[in-house]
Amino acid sequence: MKTRRRWVAVVGVMMAFTLVVAACGDDDAVDTTATTTPPATTEAVTTTEAPTTEAPTTEAPPTTEAVPDIAIGRGVTLEPCPDSANPDNGCIYLGVISDFSGPFAAFGLPLTWGKEDFWERVNAGGGLMGFDVAITPENTIDAGYDGAAHLAGYEEIRGNVAALAESLGTLQTLGALPLMIEDSMVSPVSSWYSGWSFDDIDGGLILEAGTNYCLEAMNGFDFVMQARSTMDPVGIPFTYAIVGFPGDYGGDYAAGVKIAAAAYADVGIGDPVAEFVYTPGVSTVEEAVAAILPVAPDVIFVTTGPNELAGLMGGLFGAGLQSAMYVGTGPTWHPALLGAADGALVPLFEQAYFQTSQNAGFQDDTPGHQAMREAFEAHERGIPNLGYVAGWVMSYNLLAVLEQAIINKDLTPEGIAAAVGQVEAVDYEGMLPDKSFVGTPDQTVERGAVVHRVDATSPDGLAVIAPFFVGPTAAAYEFNAPCLVLGG
Amino acid sequence: MLEVRNLEVVYSDVILVLRGISLSIPDGSIVALLGANGAGKTTTLRAVSGLLDVHNGNVTKGEILLDGEPIHRKSAAKIVRLGVSQALEGRRILAEMSVEENLRLGAHTNHRSMDANMERVYHLFPLLRDRAKSTAGYLSGGEQQMLAIGRALMSAPRYLLLDEPSLGLAPLLVQQIRDIIVEINRQGTGVLLVEQNAMMALSIADHGFIMEIGKIVMDKPAGELLDDEDVREFYLGLSGDEVQSFAQVKHYRRKKRWLS
Amino acid sequence: MRNRPALIGDYRSDAVVFRSGVQRVWMGLLLVAAVFLTFGGSLGPIRLEGEWVVLAATAVFASIGAIGLNVVTGMAGQVSLGHAFFLGMGAFTAAVLGGVEGTAPALDPVTGELIQKVVLAGYQLDMLIWLPAAGLVAALAGFIVAPVATRLRGLYLAFVTLGLVFIGDHIFREAEYFTGGAFVGRAPAEMSLLGFRFDKPGEVFGVFLGKNQKLLLLGVVLLVVMGLAAKNLFRSKVGRAMAAVRDRDIAAEIMGIGLARTKTIAFVISSFYAGIAGALLYAVVGRLQPEGFGFALSIDYIAMILIGGVATVSGAIMGAFFLKMVLPKVVVWLAGLPLVDLVISPEVGRGVFDTHQFERILFGLLIIGFLIFEPLGLYGIWIRIRNYWKAWPFSY
Amino acid sequence: MSTLLQAVLNGLALAAVYALIALGFVIIYKSMQVLSFAQPALMLFGGYFVVYFSSRLGLNFYLAVLLAIMVAGLSGLVIERSFLRPMVGKPVFAVAIMTIGIDLVVRIITGNLFGVESGGIGATGDPWGLGLFIGDPAFGATFHWGDVVLNQRRFAAIVAALLVIGILLAFFRYSRIGLAMRATAFDQEVALTQGVSVSSVFALSWAIAAALATVAALFISPNTGTIDVNMFAFALKALPVVVIGGMDSIGGALLAALIVGLAESLTITYQPVYAGFLGGSFSQVVPYLVMFVVLLVRPYGLFGTREVERV
């Protein structure tokens, strides 16, 4: 009897809690999101101002002269940035959530360097229409490719920054997006998921640069069509297979391949003869080889990492499939594949492997590349790599958005978010074709991808065959929905 | 001379099993250690041959000396090397291996003179030679006991510790084992014989110790023990009187207390 | 007796939920502290904010899962390496029942028109339904697995539960309609209790609370309820039967304790806790993926109860807080120290280990260290400190 | 028919790797009743040193393997001495979980040694030098029988496993130390009374297990000949192999390795065609499924000793 009474009490407590919660829910659940600004925001303005009050207030007037009547909010001050070379400028604080540890550290670190160096160059050039941009160590978070750490990091800095300069990882960013939407937090993202073009997925906050995996895959397919049409005898129609990681990278690319293939149905191209989803940490190269070998495709689209690529190509060749053509994308390739371990594969790579990517490599000859290489060398950033390039390129669109917000005289988070939709042409200094954020995704998406072949003499092991190649399928595709739905 | 001095052993940090016992085995003699179940005989042997660790036991006081050198902090392997070898209670032969492999294991510390020692063992136990290649588990109880003793001899020990070699054997086999122990001793090995079969033990021993609940309660030359009335009554079952009454048991208990 | 007030002299006092009034006071203090830390501002001097509240909320929900593992492993002695599977069952059940449906454009095979096809199940039910359901579905999974588990003992059982994780991992990856698929995953359930949103910021009793502060508050309430329930279980007949099975299963059987029944109950209750924990944990992170429920997650929970203290509720909670809240902060702090940062550094290539690697190493070393030096875990250390001060200045 | 033959050949190569790792588990288990979860990490660790000596230092391949085996064996020894020794007499689970901790630490350290790139086993495509005798110099020796292909790594795996297992069994049967190890496994106290240093046997069994894992590392990816930290899951599959065999039976482990290797290889070949609904990479859970089935029928594995316990 006694125990039963206690249980009743426990259930009672639970019920009471439920009711209380429900009762207060009635008042505010409806209208909190849109109208109430989180106090964190207002608080943040005062806190970020606090440390800078020591700066002589007498020098304030020229600052206000430079930016006479601009609305500022979270993470923006009229006082100069700490250690700024432009004492007359205000300061825009940006946050970075990247991976300096964990599996993607080798990508995340140079990526962040690229961003830091980019903004330093902007500041060195006199700043951004009366403002400097600061990425301070306090606002730089190492998430280690872990969703929980990413989110905790976001919570740590969300009150201090006007926008993010980086939020690495598609899924991690998706996890933090509800909070970002709450905060109107704009961020460029170093992942090329086709969903980032759509406001109902990213709230119009994610700034994408370069084409996405899906359209990149279509260009890849178009390129294969073109290449095989010049073969003797003509290699069309052909069979193809897909081997890729699951998710935003491999999944999006695979979707693009299939869309392109469907467009060539009239010349006899069918469905993939084999599709192997390579789950990292679970699948083995042996399985992939076993899945592909019996169907002996003419072309294989590979969206894995470099190790899997080498295993697949070596395994298939050794087992007798020696005529296949391989198409990969940026992360599939690593110059180390040309190195010691698999040196025997070099002739095969040079002969059979092609890849698409969003931008040209490190060596391209544009004003942007030139400036980037100078910054890279000035900061002694080590071995040239694509992470640095991506970090640099990605920063142009945030620059354009901030410029637009300043022109609008509204540097509040809401103002920055609103400015995104008004940017008509991001100037990438030639590193990418100009990009507009005005219009439907179908109008604004970048459709061109760079096609490379393997060149063992080049520092990154690649040579450009076709810069910003836009194939017929990619050009004609009506981009009205993400190619891959990343559920929920 | 192998000596145990004032030895105290505790199991699992709390169970005091030996409460300061002392005994000695002069070179080339047979010493019998007698006592009821749970008296601490096996623990004494474990302490001497360094097996206490396995049973979570510890020497907390006293020492064990081999020719004056303390050995109670040494590992079991080291003690075997120093010439003290034990045949465990219940024979414990390696049932899955052949007779020869069992013997080879015995020669682990004394690999060089393995052939000579094996010859000696085969000479003592001709039966084992015949069955050298057969699986040890299929030997009879007596044969297994011989194998256990033979295995202990493979390290050519100076002192052989035998824990209940007569356990579960037919009287005829007990006789045989007894003779073999005498023979081993004659060849120069000191023997510490732990037995419940006191008659057998005392008939061949030079000296005898009687243990009760962790203590030595009697320590006399074997001949004297055989003649001792209490020993005859309680260990040899040879009472002068026909009737054994509970009162006499009480009398013994009293006496024992007095002895200690 | 009068001279030894702490002596437990009868079964009645052995079986109470709180052994002493002090425990009750502590419990109350902790609750009050949790409320004050969450509300802050007008109520308390400090407010739990920023990443601390994320870490605290994660730790609170993980505590519930750890208590669950402590029921089956600590209490009933059945070492389960399969806790990740049950966490996953709860998490995905909650996400399916409480989450949003996902659609993708597809060609209708009949009409040939482009339609929106449902590719991800989501029913957007209330938390009142999905939270218990998550626990129950996980418990059901436990019930189905239990017959296999009760046949086996010792290490063999550990292996079966290990296998369960791998098979579960495969199922989670393949059941894309429910889980979103590998490296895609889905959003967690909407935390809406009768219209009150835990996953949106808003005012509670006139104080503005962020999403994670609300979640933390919910977690504390649930932890109290489920922690007390577990404490209650441990002192009940079933709890004593579990302890008997743990200490000597054959002896327990001879005493008339149904082995299969007791083990099954342990598995079911443990899975229920895991299910509840799994359902709520991912609301904090905002995303759940099939590959997150692997062997490593099981080890996390084993480490929690090991480091916290086996077979006690407070041990499980201590362990969860230690691993989820204290350890990450300690590593970051260490990495910031001069000289230490030459060994551990947040920058790749600078130190010998990066912080992430170092955290894993520390985690492994903690498992080893606690097993060698303090098998009772943090709870044991706490008891020792307490006893030291109780007896001070005497050694005992 | 040739598909089946191919699957069986690949399965044998897989079985060879499983057998090598599983033997390590069994040897440790037999000698000290400890189930070591650290074998996968030791495999990676040994594998790293093969990479280091052969590819990065450019030593002769066979010399590199020998050196790596020595390094791995030594670290097995050190691990036993420093972590397992204090745990003697503790419950089996405590020790098993402690080995999980060891596994974590060794794995992170190994990952750190590797860096971001994976390493190649041997500096050329054909480290075994088989290309000198047979086959196609571009990718090392490959044996062709009609449609059936056996690449040099698979061939080497089968040969090496047979060789190593043969040597090991002879060692246990004929050598003094092997005999001492068997005796320790059978009855620790008896071994002690015969002067066997049981603690050395424990350490030695860890060294042997680590050495075996290193040999297994050579063949872990027969197509690429590379090794990286992610291959941990592969070595973990040797655990079900051990359980199927019965944990304390060497013969059982060998048979189970064969069963699991073949089952996995046949699944790789036929499941995508005939049972695609089971999902991608289904073959990777096959070892665990086989384990479930075996344990349901025989709760102590195929050849495991039934625990007899006194209350």
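Quick notes
Note that the chains take the letters A, B, C and D in the order they are written out, and that residue 1 is the start of every chain.
Criterion: a residue touches a chain if its C-beta (ideal position, glycine included) is under 8 Å from a C-beta of that chain, and two chains touch if they have at least 3 such contacts.
It should be emphasised that the depicted structure is a prediction, and the values quoted were computed from it without experimental measurement.
The chains touching subunit A as well as subunit D are C. The interface holding more C-beta pairs in contact, when A-C is weighed against C-D, is A-C. The chain with its C-alpha centre at the largest distance from the centre of subunit B is A. Subunit A and subunit B, compared by their mean Cα positions, are separated by 79 Å.
Note on chain placement: the centre of subunit C and the centre of subunit D lie 34 Å apart, centres being C-alpha means. Rounded to a whole number, the gap between the C-alpha centres of subunit B and subunit C is 56 angstrom. Taken residue by residue, subunit A touches two or more other chains at 105-106, 277, 279-282, whereas all remaining positions touch fewer.
Residue positions 280-281, 284 of subunit D are each in touch with at least two other chains. Each chain pair that touches appears in this list: A-C, A-D, B-D, C-D. The part of subunit D that touches subunit C in the complex is made up of residues 35, 83, 86-87, 90, 92-98, 100-105, 108-109, 111-112, 236, 239-240, 243, 247, 278-282, 284-285, 288-289, 291-292, 295-296, 299-301, 307, 309, 311. Looking at the complex, you find that subunit D touches subunit A at residues 3, 10, 14, 51, 55-56, 116-121, 123-126, 138-140, 142, 144, 149, 151, 221-226, 228, 230, 233-234, 268-269, 272, 280-281, 283-284. Note for the complex: subunit B touches subunit D at residues 49-51, 54, 56, 75-77, 80-81, 85-88, 92-97, 101, 104-111, 151-152, 154-155.
Subunit A meets subunit D in the complex at residues 105-106, 276-277, 279-287, 289-291, 294, 307, 310-312, 314-315, 317-320, 334, 336, 340-345, 347. Of all the residues in subunit A, the ones that touch subunit C in their complex are 3, 6, 10, 13-14, 17-18, 21-22, 24-29, 32-33, 36, 38-40, 100-102, 105-106, 109, 142, 144, 146-149, 151-153, 155-156, 158-159, 171-172, 174-179, 182, 245-251, 277, 279-282, 480-481, 484-488.
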